[in-house]
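Shared between the two complexes below is chain A, which has chain B as its partner in the first and chain C in the second.
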Partner chain A sequence: MANDDKFINIKVKRQDGPDAAPYWEEFNVPYKPNMNVVSVLMEVRKNPVNVQGKAVNPVVWECNCLEEVCGACTMLINGVPRQSCAALIDKIYEQTGFGKQIVLAPLTKFPVVRDLTINRERMFANLIRVKAWVPVDGSWAIARGPRFADREQRWAYIISRCMTCGCCQEACPNVSNKSKFIGPSHIAQVRLFNTHPIGEMHKEERLDALMYEGGIQECGNAQNCRKVCPKEIPLTNHIAFMNKETNKYAFRRWRYR
Partner chain B sequence: MDKKSNFFLRRIHSLLAIIPIGIFLLFHLSLNTTVFFGGRETYEAVINFMKNMPLVLVLELVIIFLPITVHALYGLWIVYVAKNNALNYKYGNNWAFYLQRITALITIVFLVFHVYLQRFSVHEAEAVIDSLTSILHNPAFFILYAIGLLAAVYHFANGLFTFLITWGVTIGDHSQKICRYISLGLFVVLGVWGVGILTVIAGF
Partner chain C sequence: MSKQKIIVVGGGLAGLMATMRIAEKGMSVDLISLVPVKRSHSVCAQGGINAALDTKGENDTTWEHFDDTIYGGDFLANQPPVKRMCEAAPGIIYTMDRMGVMFTRTAEGLLDLRNFGGQKNKRTAFAGATTGAQLEYCCDEQVRKHEAAGLVTKYEGWEFLSAVIDGEGVCRGCIAQNLTTMEIRIFKGDAVILATGGGGMIYAKSTTSTICTGTAAGSIFQQGARLANMEFIQIHPTAMLGDDKTRLMSESARGEGGRVWTYKDGKPWYFLEEMYPAYGNLVPRDIASRAIHKVCVDMGLGIDGKNQVYLDLSHLPTDFLNRRLGGIMEIYEKFHGDDPRKVAMKIFPGIHYFMGGIHVDEDHQTCIPGLFAAGECDYMYHGANRLGANSLLSALYSGTVCGPAALKYAKGLSKTAEDADEKAFTDELKKQEAFYEKLKKLNGTENPYVLHQELGEKMRANVGIVRNNKDLTANDQFIREIKERWEKINMVDGHGFSNQTIFFARDLKNMIEVAHAITVGALRRDESRGSHYKPDFPDRIDEKFLKTSKSRWTPDGPEIEWEEVDISLIKPRKRVYNVAKEVSASGK
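Our next item is the complex of A and B:
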């Protein structure tokens, strides 16, 4: 094989458990065309020997859909948060040069479970907090509800592609362990469900949640979130719109008090 | 809204920045513009006029001192909370965000000196101008003073851009981009204007 002598060199930030100290470990994986970061990690799992030739525990990471829709495989790849299933080695080399070391690290804004696996529970809890759903459950059958108007459906669909991957949260300077900011993705989700013809009936509850501690007010308009979102959700537009909505709502609520 | 929420505080913080602080900044620069016309005598007359305004102490307290103090103190908390990452994510807006925080700190230091030297340690119009010229005649201090002024002006111009988003005025990409350019233009205009004023005063 022509590629026999070529290697993909990766450097992984590892951590044996939630409270263990992190350390770096390098691996070489034989190069094949069309690999992605997930398949490189699978090779490491088959043969978990580091560059020093020492057999080690295989690297732990998460993945599921393998087509950039579940968000489970999100990690820092050369410092940028993205899905490792969608990170093609050849594409990375096009930018950095063939054979250049690829650095993998867990997201920094979430607790590490082990190696590259992180715990994104905070994001799910915050989705519950902002009531990111349409409440239609009942004990009897109901007829078909109203539908999105076409002009709204067009942009609302794009928000619905959010996979709670955490890239936007990772890049946002205002999401940190010093703040309780729910993050950009959730602000967009509120807009989605507040626009839904049935979801709209509960829109005040979501606005309340959005103005609670760690709510929309924590955004400082750095606009990184929008740049890193793999689903190309124009988060900054949705944040600005929800700024307007929450301001109006705050004023109205105060007048009626 | 829960009592625990800082939503209200954040919005007040944003509002104060423009009303009255931003307006005061423009007013301040406009008054100083008189140095371009008529030199030292006019400037002295203007300062005297200002100092003799009715209720000047109340105005200073309500329009200038309190809003700036509230904005600065809560702003320090905002600066502390952010985890800046401009080196990892080198986007223009992220740099602007980082600079907004750096200029915030510079402006606070500058204002403390500015207010102490030109407001509290001297009182007569003549003495105010003397205290200014003695600083500005020294090239090193001139540069420091200009940096302070540019920081304040940047913080205002860039703040205007984020203010429009915070209040939901600019929502789409296009309007945000146009306001980004306007804010940059404003920074350049105010910066040149302010340093021009300093240069003229340095020549007194």
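Our next item is the complex of A and C:
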């Protein structure tokens, strides 16, 4: 093949531990068609030698499904938050030019663990905060579930594909290590559970959660979230809707207290 | 007695369902998982989940579901547990619906059903083409509810290393290691449930996630648990070829009307429809995979001369495809580049699912009291071949059986784990700590990742779709050699924090042990049944091999024992798909 002597050049922002100083390291991996960022990193660990020819520790990163459904391998690729399994090298080169350096860095809105791995526990804790579940009496089989219209299912299903990957959180200017903002994904989750016929019976609990510190009022309407969502959830629409819902709810709560 | 607790290892569907069932009864659970449970491999399941809901006017019954499952599994599964699973299926689906799974709906707001392989009736409930993810998220949410209530404590980012078995031979807990801090610690529990999934990574390239190494099964195998029917590996007929993995293209593509074809004499040849007129493109997976293999490898008719054929959906309306198969449309388009709504997809069979697994009784308990297994890591429900959309069912159902069984076992104990002999815990901890020290010091010449590639290549070549004893014997020899080469690994990462190579090397050791059980099981079974196909022994030989193979670990390699299969409900009959299946006589 004509590309035998071609290399994929990556520059990785590395960090040995949560408190260590970050540094950059470059690697060259022989080019093959149809590679993605994960398969490039897999090549690196088979032969962990940097561009200076020095044997180094292999790059540490998270991945699992390699099909963009588990959300584990999210990182910044040329500055954009996305899943590294679905970041195809050939597609990146179509935009940047063949052989152009690809820059990999951990997400910035979460604490770094090591190299490209980050700690996203905060997102799961916030799912508890907004009570993102349908409160059934128990998991035993009692009867058929409630009827649910096809037209509702169609848009609710899109929200239910959220894999808690953190792309929207990364892109949102109002989410940071310092702010308590729960972020765009979780506001959409509230809409999902408030739509399900059983979840709806407890919608006030979730609306309450959205109105505390770090709730929906911290959205600055930058609209970045929608652009980076790998599951194409129209997050801004859901935030706008939930904004109206919380306003109505606040008014009712004030009037009928 | 002091406060009791159960340990669940694995946060996929089986583990979460077991956790839910235990927590609902007020017992505490420690849930140990390699990844945040929401990222478990169950999310990769696409097409749907089977249950005879009979909402399509087809007079579908749970008996027919049971018969299809037993027939599809070539009569190797013990029948009573499978019957109970099929009977429980409608209730499980309705429960998942109540708990908020966004199943695809009919016009009147009921759950829609679609066709799947090896079954004539519409029996598969689905949520687009991301059914596994939707079910997993739902269970994750319910378990989070119990977590918020303080009943479930999650240990995400921990790997199970071994069971703690005391002097009485009873499992009292386990040892696990933190993936980040590298801390190794004791987890005490009155029962331990392994719900650790299959071992697709043993073949290196498969449709499974990178965590599906089978390492936990490999570990307890060496501690005395038995593995059963390991030679039965499902090879999914329609997977995308890839460098890093083979990505699944759901059977629902064919369920919704997709057709498999290649060119013959310059014209499209719909070979499945021609070879199997009764079931066409919806023959079970082992049958379809062998047909594609034959067309490409034996007849040389693969597209562009390569090992690939078309899976064609381009004749179906775009809106229909987006609604019902959106998830896989996106995966193909993203990872391949072509739009499957417009051009046919190129596919070839890929390693997919382990029918075999940890040997358990009907309560999902292993031969080690207190140690249970559920989900893909057990061997219970699929015999020699699994029907599509039965895996999500068996994962959830086994959780509903195993959770309460473990609870009952724990409550019946005369002595809790907290009161058990401390020495058993410290001894096992010391053993695992010593092994960790050994791993850190490995400074030979073999890169563990390269060694793993080699293992996978050999397994795919020698223990794949078509098997023969010459290759299997060679593979047995290869495994004996790779066990020695493992000792010469070079621990390429010298860091004492978040060191993935340490975990990988340990997993690899266990993978090699499981690979050995697969190989020897395949070598001993001189017949063809379900996914296990030997051209030298082309027929099913019930007199000799209508038996579960049980593998016992020894330092010199696995020893196989044979166990009778419970065929008390349906008499075995010849399994064919070119004509419609006969109705089983015992059906009521």
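The rule we apply is simple: the second predicted complex is superposed on the first by the 249 of 257 C-alpha atoms of A that agree within 3 Å, B and C clash if a C-alpha of one lies under 4 Å from a C-alpha of the other, contacts with A are read in each partner's own complex, and residues count from 1 in each chain.
The rule is simple: a residue touches a chain if its C-beta (ideal position, glycine included) is under 8 Å from a C-beta of that chain, and two chains touch if they have at least 3 such contacts.
Everything quoted here is computed from the prediction, not taken from an experiment.
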item	value
Which superposed partner A:223 touches (first chain B, second chain C, both, neither)	first
Which of chain B and chain C A:153 touches, first, second, both or neither	second
First, second, both or neither for A:245, with chain B first and chain C second	first
Residue contacts on chain A - larger count, chain B or chain C	C
Touched partner set for A:143, first chain B, second chain C, both or neither	second
Partner chain(s) touched by A:211 [first = chain B, second = chain C, both, neither]	first
Touching partner for A:103 - first (chain B), second (chain C), both, neither	neither
In the complex, chain A residues that touch chain B	79-80, 171, 173-176, 178-179, 208, 211-213, 215-218, 220-224, 227-228, 234, 236-237, 239-248, 250, 253
Chain B residues within the chain A interface of the complex	1-2, 4-11, 78, 80-85, 88-89, 91, 93-94, 97-98, 100, 161-162, 165-173, 176
Touching residues (chain side chain A, partner chain C) in the complex	16-17, 32, 34-36, 38-39, 42, 45-48, 55, 57-58, 60, 62-72, 85-86, 88, 113-114, 117, 120-121, 124, 127-128, 131-136, 138-150, 153-154, 156-157, 160-161, 163-164, 193, 196, 198-199
Chain C to chain A touching residues, read off their complex	17, 20-21, 24, 35-36, 38-41, 43-44, 88, 90-92, 94-100, 102-110, 127-128, 130, 133-134, 137-138, 141-142, 144-145, 147-148, 180, 209-211, 242-245, 247-248, 323, 327, 330-331, 334-335, 400, 447, 449-450, 453, 492-495, 497-501
